[in-house]
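Below: a set of structures, written as structure tokens.
Common to both upcoming complexes is chain A, partnered first by chain B, then by chain C.
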Partner chain A sequence: MAQELPNKSVIYERQLDVNFADLMQSMPGGENLRRCIQCGTCSATCPFSHVMDYTPRKIIYLIREGFKEEVMSSFTPWLCASCFSCRVRCPKEIKITDLMYLIKREAIKNNHYPPKTPIVSLTKESVKMIHKNGRISEGYLMGIVLLKVSFLKLLRMSGLGLKMLLTGRFPLIPEKIKRHGELKKILAFSNKK
Partner chain B sequence: MSTNNKEIRIGFYICHCGTNIAGVVDVDKIREFIAKKDNVVVSRNYKYMCSDPGQELIQKDIQEHRLNRIVVASCSPLLHEKTFRNTLEKAGLNPFYLQMVNVREHVAWVHSDNEKATEKAKALCNAAINRVRYNKPLEKKRVPFHQDVLIIGGGIAGIHSALILASAGKKVYLVEKKPTIGGHMAMFDKTFPTLDCAACILTPKMSAIKENKNVVLWTNSEVIKVEGYVGNFKVTIKRNPRYVREDLCIGCGQCIESCSYKEAKYPDEFNLGLSKRKPIYIPFPQAIPNSAIIDDKTCIHFKMGKCKQMCLSACERNAIDFNQKEELREIQVGAIIVATGFKIYDPQKEPEYGYGVYPNVYTSLEVERLINASGPTAGEVILRDGTKPKSIGIIHCIGSRSEKANKWCSRVCCMYSLKLAYLLKKHTHAEIYNFYIDMRTPGKMYEEFYDRLLMERVHFIRGKVAEVTDISLVKEEEGKLILRVEDTLASVIRRIPVDMVVLSVGLEPSEDTQKLAHILNIGLSAEGFFQERHPKLAPVSTFSEGIFIAGCCQGPKDIPDTVAQAGASAAEAMAMIDAGYFEIEPITAHVLDEFCSGCKSCINICPYSAISYDESKKKVFVNETLCKGCGTCSATCPSGVMKQNLFEDDQILNEIEGLLVYE
Partner chain C sequence: MKYFYYPGCSLRGMGKAYEESWLKVCQKIGIHLEEIEDWNCCGSTTYLGFDEIKSLVLVSRNLAMLEKEGGSEVITPCIACYYLFNRTNHNLRDYPQLKTETNKMLQEVGLTYSGNVKVRHPLDVLVNDGWMEKISQNIEKRLERFKAVCYYGCQLLRPYCEFDNPKNPKNMDILVSLTGVDVLDYPLKTKCCGAIITSNIPEKGLELVYVLLKEARKRKADFIVVTCPLCQFNLEFQQEKIMKVYEEDVGLPILYYTQVLGLAMGISLKELGITRCLTLTPEFERSLI
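Take a look at the complex of A and B:
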């Protein structure tokens, strides 16, 4: 920034992106975000909101007021378990879960997300794997993700992995779905859009 | 105690009120206890005395046992005294031979020790038996009702009431202090939530006032004296000179054109000083009466006495009359409707908002004029410094919800702020910020309007701006007004630079409310608005019979509620007028003429101005129609000759005796 801000804890309007809300509103999931009346039902119903840095209610407010940096570097969307409770209970029919996916898509597209988040790698690798094989093979996926995020963690979890491997719940070789070509066509079509 | 009077035959009834009373008070014991008292002929208990069979029981006993005094021990007389008085009347007994004992609210509901409660009930019932012996028959009085109505205030409330009464054929005097009717509503641009234009819906009603033969419209006038009482008010109205004859002027504006002042120089009241007017002017194009007025404080003729009086010669209809004088008119009316509206809070009381310091800080009412097509800028939002705003901050709750200013929520500010946000957005395409504490949208289609605004890309920031300043800290803030606010939903402090600030000012009692309350002898609530008789069940009545209140003079409210109250006031006034008479309770004071010394102690102490002094007799007399029976005069009279019906000394003293010695 050109000029040093006199007080870092005060938010100046130039730190905000006035077009952020419009951008988010224009994409699937963000349609109703301006209708939010900040009741907090989403945050109270969310099983994970207590560990989130911003509650879902606050995420919506921050989007609306242009706090792009705060939203994009928040863990909240990455912690979303897609249980859809917020979506079901929202009085203003805001597709909050979809909105979380929207933030995640934007984050991956622009390489703008909280650093060292295993969930980002997990998401990326899952999508990659679905494109490649048409399904996820948990053992293989976990191996790759943990390798990328933390080798120590991989070692720590290897005991559990080994057990699951022995009971046949954790195939090491990635599996493929039948008629994978058809799925590829669908994915290609949706990506074109 | 005079118990030798064999004529007195008392009937005593104690009500169970289901288990309300009987669950605590031993009603059988009370019945037996009272039955033994002198003069008591009948003593009964019954499940619900107020029910039809309960009342029939009393009526039958009165006839069969020739009872001439009745004591009912039940609930508060506020609830059923009327019921039982009617019962006595139906049985041919004077209703004031009834005495009620409140053994529910005063005994059963407030005590848990059944035995002690029963003892208390015994004492209270005995006191009533003792007292009822001395009750005297009283007659209700009927006062004839004058058919005309006075309405004070020509805003939407007064206009609506006047039109309803006039359509029912009643003669209405509509008195307005300003030179035109229309009130605040005439100043508004659009109305929430439907956004229909205020003038479009108001001016037809204003014209209807002018056209209606049953309405006498006196603008530029004030009520200065009200005498008399319900059905027979004598009102004195001061008509201030307009210097233009309303009956001749057609509002052509020739006089204004020809005024010696070539340029308009004086702040235009209707546009809140945002534009200028000449000493002779018409407040606004649709003003009613559509007649010019000369402001004698600024007109050269009145100021210096030397003017060519061009207006006089310009007027083809010879409507201008510099010799008009203030006039006093006296009228007789039966009922009065007060609809004097409100005034807006003066934001200069809170200097942190910079009103009057920074030219681009406006009150919401000023913005109404600014966006109005017939306003000072013909509807273009141009600031005082000549620029067009690119960003606008609307600060809610200015002067409301504050111990420092007004404690109340002004009820309309959230909605009009939403409306202004919408209109300003349409007019300027500026970035609009709303700063609110709570968003209050209670009303039909109001929350829906808020939802609509949310979708209009308007910012809603929860937090009250703490200060408006022009001291910039970063480059982008230079030349702007900076609003410092806690964004309580994002939990951060923000500085938001804007070009224009709108202060959503609250509503408070209009200037002359206190004066008028004194003239009309009606009460004010703690906030200074007129006090309604009951907040829920008598919202347009006052404690003075025949005087009603409507609209914002009773408390802040929006146009739909104001119109509803105006209709209610008209209907309540009409009910009284059409009855043709008014019945007054005989519980009033009277003087024993021969003993009054004429000391006048009672005159000033009477809260209802019901006592006057008769110069010829050198004695006071009570106007029974005005008297509310509060008893203050009886207690004050040094000679003890001011008597209060139903509360005479022997009645009260015997009641006390009965209370103290009851076994």
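Take a look at the complex of A and C:
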């Protein structure tokens, strides 16, 4: 169940990050953040809100008030399935799904995310694979992520993996693009800035 | 008629059957597809949690190459690619500074992207470009003995969908009923299957899929028709476990709409990739022939 807010006994105003909301609002997708009326439509429509530590509505509240630490260590953005139910229903047209991407980006940039989250490994490994091969091979990706998260889980899933191999849905040779240098050059250029 | 085509990574892996059946159907009704040469991964929604501008660049490289070839439209059967492509177009239009930056990077390899390529899904093309007549003409054996529900999933309809009603989509129902299959009402057709989060919280994933399967069984469907490789995988790979946990027989085969169309056109199960389905029972396989 959702934790009480705030989860430490007392948080003083000086402990809050007053610039956090401005930072989020300045990035593409976060513009309408301060329009939130806390109606809770997003939380009501989200298929995962009841397993989140803070619901989407609370996350928006926390960002606005500067509870950076709580937002960054929350599981909520990592449990967003990108189903866009909230985004199309928000009466204030806040791009809540994009807001979750913004939090994830900040988290990965600063290495600040909740421990033992498989989706963090999945994000990092899929990025690595795209940069290396230009394409994703789901079989390999799933194997690597499971190995990073827990070896036991990998063993438990091996039956499924075998079935996928037998039906030809996990190709043995990873997909690669031909002009890989081209992609590398484009992506490297964006790093320079 | 010729269209440019972007398959996406999933159609070369988990969703192999989707590409096989889609290509067969196109061949049969006379749609010529030209694959974007040396396309790269669109990054999917996972990449959006890493970097905005690089995600835009990944998608734009494909579309820039397409524009260079003289194309103005692209067909993407995968719904994650469909969303990412549309998102890129919208973001390049809404944020001019992102467009400038993206193009600066693309110019490193001599490409530019205008942001105007029209992104289309087969459900849009087949229904709105007048291919239904061609499909009807090619139907050899009608599948009147079957009942089915159509499940659309999320990203095809939300947040960008211009060709169908996002709250009550109809295109897949229309296409599937051309084959004679009795398409049943399915109020859960736009609900979420859990996507990749099923791997994160397995119990919750089971619950979401259980609800979808149970509703379809309650309505006496013989199979569920889907349009997304991830929905297809999610709905079928945990069925055994779901039946154990909920102690209820809710197993159903999950087919792509292209496979149903192909079946009615008399294409073999193997050519349509139906044999790749994990929940294919021998009885069901026999009933299809």
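To be clear about the criterion, the second predicted complex is superposed on the first by the 167 of 193 C-alpha atoms of A that agree within 3 Å, B and C clash if a C-alpha of one lies under 4 Å from a C-alpha of the other, contacts with A are read in each partner's own complex, and residues count from 1 in each chain.
Here is the rule we use: a residue touches a chain if its C-beta (ideal position, glycine included) is under 8 Å from a C-beta of that chain, and two chains touch if they have at least 3 such contacts.
Everything numeric in this text was worked out from a predicted model, so none of it was measured.
By the touch criterion defined above, A:Pro118 reaches chain C but does not reach chain B. Looking at the shared chain after the overlay, A:Glu182 reaches chain C, while chain B stays out of its contact range. By the document's definition of touching, neither partner reaches A:Lys132: not chain B, not chain C.
Once chain A of one complex is fitted onto chain A of the other, the partner contacts of A:Glu13 are limited to chain B, with no touch recorded for chain C.
In the superposition on chain A, A:Tyr61 makes contact with chain B only, while chain C stays out of contact range.
Residue by residue along chain A, chain B and chain C are tallied for touches, and C comes out ahead.
Using the contact criterion defined above for the overlaid structures, shared-chain residue A:Met164 touches chain C, although it does not reach chain B.
When the two complexes are superposed on chain A, none of the residues of chain A touches both chain B and chain C. Chain contact summary for the complex, chain B toward chain A: residues 431, 439, 450-451, 454-455, 457, 459, 461-462, 473-477, 487, 489-497.
Interface residues of chain C, counted against chain A in their complex, comprise 9-10, 12-17, 38-41, 43-54, 57-58, 61, 83, 91, 94-95, 98, 101, 104-106, 108-109, 154-155, 158-159, 166, 191-192, 194-197, 199-201, 204, 208, 237, 275-278. Within the complex, the chain A residues that touch chain C are 27-29, 47-48, 51, 77-85, 87-88, 97-98, 100-101, 104-105, 108, 117-119, 122-124, 126-127, 130, 134-139, 145, 160, 163-164, 167-171, 175, 177-179, 182-183, 185-187, 189-190.
Considering their complex, residues 2-3, 5-7, 9-14, 18, 21-22, 34-38, 57-58, 61-62, 64-65, 67, 92 of chain A touch chain B.
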